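Pasting the structures in now, so scroll down.
Both complexes below contain chain A, partnered by chain B and then by chain C.
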Partner chain A sequence: MTAKIQTNTSMQADESPSQDVHIALRDIRKNYGKAVAIRDLNLNIDRGQFTAIMGPSGCGKSTLLRCLAGLESITTGDILRSGRSIRHQEIWEREMPMVWQSLALFPFLSVLENIEFGLRMSGVSKGERHRRAHEWASKLGLDEYVNRSIDQLSGGQRQRVALARCLVTEPSIILLDEPLSALDAHLSLQMQAELKRLQRELGITFVYVTHSHSEAFSMADKVVIMNEGRVEQEGAPQEIYLKPATSFVARFLGGSSILSCTVKSTETDEVLVDGKDGTFRCTSDEFRTLQVGSKINLIVRADQISLSQESGWADNEVYCRVVGEEFVGALVNLQLETASGCKIFVQLQQRDLKTLDIEVGAGVFANWHPEDCHIIN
Partner chain B sequence: MQKPALSARRLLYSSFWVSPLPFWLTLFFLGPLLLLVWLSFWDVRNFVLQPDFQLDNWVKILSANYFWQAYGRTFLGASCVAAIASLLALPCSLAIGFILSTRAKLTVLGLFVVPFFTSYLVRVYSWQIYLTDNGVISNLLAAIGLETGSLLSSKFAMQVGYVTLTLPLVVVIQSISMLSFDRTLINAAYNLGCGPVRVFFSVLLPGTRAGLILGALFAFIFSFGDFVSPTYMGGGKFPTLAILITDTVKSGQQWPRAAVIAIVMIGTLLIVALTSLKLAYRRK
Partner chain C sequence: MHLSQATRIILMVLCAGALAFLYAPIMTNFVFSLTADRFPTLPISGFSTQWYELAFGDDLVIRALLNTALVALIVAPLSTFLGFTAAYTDYRFNFVGKKLLMVFALLPPLVPLVVSGLAMLAYLSRVGLSGNLSAIVISQIVLASPFAMAIIRLRLSQIDGDLEFAAQNLGASNWRAFWEVIIPLTKTSVFAAFLLSFAVSFDEYAVTWFVGGLNETASVRVLSFLQSAVSPRINAIGSFTFVVSMSLILCAQFITLRRFSKEKL
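Up next, the complex of A and B:
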């Protein structure tokens, strides 16, 4: 059955991958007593895609994953798998193996016995499950460790055992709940690459919950950003990065300056908006439909703002004071503040900072082009 | 990796706290044990103990039929208690570990500690009210047409006594291992296609193995050496090793032969305990 699903996936992927919905969440609501964990959530998870669900703590992302796995029952709404409702399916019937944040490996079983657990439960014969468990152990580089006990493994090795335990049954979908959060940065990066490679090779659906931007953006085909039990934005990583749909998303991802403005004129190709710190010119399409007098939030990404000592470098400029700087490798993240107290984030190359000779406390002009202005809700 | 050497002050500090242990162990365990071994080679002449070194006591006891009968009875009885108490305790510790609210858990666990407040002898005596000729239980059974007479002085009564002694402890030990069991493992097993019945046998039991084995071990140890239940519940009709020891001492001051029996008992318990511990903490 699994093999059939996989061929389907590859066929569909050639045609229109976005139309092949594997899991559809329809008007999901989850209440814990009076507290609402998930409110009226709708989401499609595409077959064979890597979907990352992210958001701050308490946004409902882990609850959503638990509802998918059947660990929590949903209060209202429905979950469809390939069009069929699985709302009333028991956990052990769902065939959605999960990589747990705590890994939840069985300490009383050896590495091999852990990997073959799912096969044993589905009644696969001993020889066959040994063969398949060994195969997966070797795919994930665990050959030498199969007879060890779990507490004799390192963090990275345990991670692989947890993955192998999920993948050995050849499921069409696996769930991952912050699986890399316990690893150190170096190992986490290595596992990210490996997870992405595995997902591509196997062509199965990955639903990956994380609070880490870098994990979500480096691996996912689709990123879903949740807040207070709702989906704030979903889309390809690049799309979300370039155009955050809401100010929450912009703030959550960080690195964007948000200026509240009023539309002043829409006469020409250029729309003029009035902010507390000046008038800005905007030319992107999304401004065309605006009415004069309406209030908007203008957003500019940190990498699209340049700095200068003198005025008149670009169509939009605002005078700021540098209040903070943070060095990240070859890049510098600067935090500026306008006269009205509005925060402006700028990302520069280190060498640009040197030529500009800027330090904390200095005054500087922030400049950006009219086409780099976007509207946010 | 080499451990860093403790500084002199830390060494002094830790040895201060550690020192009572070897002291007490020597004084109250190792010393008496050696004395017991030595005593087993003594002689008794005209009801008087004489220091000696002869194997007569060992030969007499180990070749006596009545000794091996008592040994078999005691070993089997203690094994039965270990099994019965473990089975009786299991539903209870499962409830404490997985079903009850925190408050109810503490209350129930507290109730299982209460029996330790009263003497075991008192608890066994109170059973006599239930099990005697005109006791509550035989009257009840008579009401439905089962004439049992006295249930006392039977193997059944003896088991009741042993279970009275050991059950609370077994529940507490099992509960501790249930409470420390990671519930995520149960969800992980469900998630991998394991239904509730198989979760019990494939995850819960193996996962709490240490507690289950240790509970059974304690039940075995306590009932193996128990003197109260065979005497007051069994009416002395089924001589166990504990009864044999008192009889041996009473009849002709045979302390050396009693010492032989005691050493065999200690040896048995050591073997059982070490085997159980090995089973309980065996690594895969």
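Up next, the complex of A and C:
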């Protein structure tokens, strides 16, 4: 009787309109002995979305993926798939194929045999297996290589075999553990575009773990930033980029200047805050609720700061010394330091740098508008 | 590295010298097993297979050879199995004291054979197993399985630890993943381990002599011949044993090394 009721509820869960949550992680904790890899983590992974989980090494992102796949058991908490707990499901019952960082292709099998492996495990007939494996091989441009052995393939081709091996069973979700980290930059970019295209076309859920900002931000619908086993921030890439929620996120993503300040006055539309290097005006909404005397971290994005040789260009300015420069294509990332030792990051077009005529060691004014100031925790 | 002609010649001479030093005794054995003389003297008066005929015409020798074959055929598969399970345990599982366990598992061949032999004799006679073929089998398994384990462990250490999990991730149960991944990847090294265990069993005489009682294997028979009277038959049996065990070991080496060079490509 109880069993019957349970089936009924789970069926309802499957049919319910709140289906867009594919995987729900509830209060997940994972301990290795005394070390805590994941602490009280809650996260929803939406159906048919590309979710990228990123963070510095050791933040627990790979452990989280391994818990999802069932390679690690969680200490406490629950993992729900379409509302049903899969916590006690065996690895081979979960149907969440994974693209491994090491790729983990079977070296003793041909490309085709690698691709059809999952189908063979689920007892699909030989003819059908071949047909579907060939179909996926051709979708991923592996037609001419199906009879080769794995060691005759290039890095990019291996990557495709690993993907085809996951997708051939037509799963509703696949897991990817830093799959592009072994590829060179050019190939990685190409694969990023391809992965995104595949995900869109197939409409299946991708959970992608990476430490690379560019991979996460270029492909994902939702980015989850982890630190010390917790979720620091989750949201659309643009949202995280524009408004990092914590100073960890801001520092991790880089390119934002963080100034610790004290609120001086809130009387007018403009809130004045005192920093070590001067007083700044802020006008964005989040400042309105502040009280005089409270301490805040002010953050300004690198692309919103401009440089000038003279004072008086914008409402906020601070005098700095240039301590470093890095050229990335047509852009240049400058690192400045204020008199108090605070780091300011600025991103400019290379041609602007030329007109400014500044070099490392020179003094310069960094300027930004009151509406570009934000608060982070 | 560039070497001058002179250095090259010196190196070749040194190599030849070292090989001669290693193999001269065995070659002597070979040569004198095929002479017509009663005593090993030079110059050799003629070629003859009489000592082989004499040796293989001896009932004791034949029985010893049959014992050797029987024992080796039991020892080799069992040692390989034990060695495999130990090697796989080391590859797949982590637990407290694993390192210590591995050290103990590899230890038996390093214990002086006299000590092992005496210990085996004392222990097996206490449990009523000394003086028969099963005693020989048991002692030789103890000596051979660490070799089997070492060979299989070497192979497993080259295998990506994710592969088995990748198979499980694609729907293979524990056992299925093991059969689909570990067996294909280790089968040649398992075969090599089998050959090596066979060779170890084939050669072993010290512990066998202690525990075997009246049961003799071929190598123990050589020992008995030596104790009674020096006869060129020893050369014949010795040469035969050498050829068989060296072929086994070379086969095992060939299989393991071929694997290596293949993967380096």
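In this section, the second predicted complex is superposed on the first by the 358 of 377 C-alpha atoms of A that agree within 3 Å, B and C clash if a C-alpha of one lies under 4 Å from a C-alpha of the other, contacts with A are read in each partner's own complex, and residues count from 1 in each chain.
Quick note on the criterion: contacts are C-beta pairs under 8 Å (C-beta built on N, C-alpha and C of every residue); 3 or more make two chains touch, one makes a residue touch a chain.
Model, not experiment: these values are computed from the prediction.
With chain A as the common reference, chain B cannot sit beside chain C without a clash.
Once the two complexes are laid over each other on the shared chain, residue contacts for A:Ala339 go to neither chain B nor chain C.
Taking chain A as the reference chain, the count of touched residues is higher for B when chain B and chain C are set side by side. In the superposed model, A:Ala193 makes contact with neither chain B nor chain C. Of the two partner chains placed by superposition, chain B and chain C are both touched by A:Glu95.
Residue contacts after overlaying the shared chain place A:Leu71 against chain B and chain C alike.
Of the two partner chains, chain B is the only one touched by A:Ser110; chain C is not. Among the options 60-68, 78-86 or 258-266, the segment of chain B that ends up inside chain C in the superposed model is 78-86. Residues common to the contacts of chain A with chain B and with chain C across the two structures: 69, 71, 90-92, 94-98, 100, 102, 104, 106-108, 117-118, 121-122, 151, 165, 169. By the touch rule above, chain A contacts chain C in their complex via residues 69, 71, 90-92, 94-98, 100, 102, 104-108, 117-118, 121-122, 151, 165, 169. Looking at the complex, you find that chain B touches chain A at residues 182, 184-185, 187-195, 198, 202-203, 206-207, 209, 283-284. Chain contact summary for the complex, chain C toward chain A: residues 160, 162-163, 165-173, 176-177, 180-181, 184-185, 265.
Residues of chain A touching chain B in their complex: 69-71, 90-98, 100, 102, 104, 106-110, 113, 117-118, 120-122, 149, 151, 165, 169.
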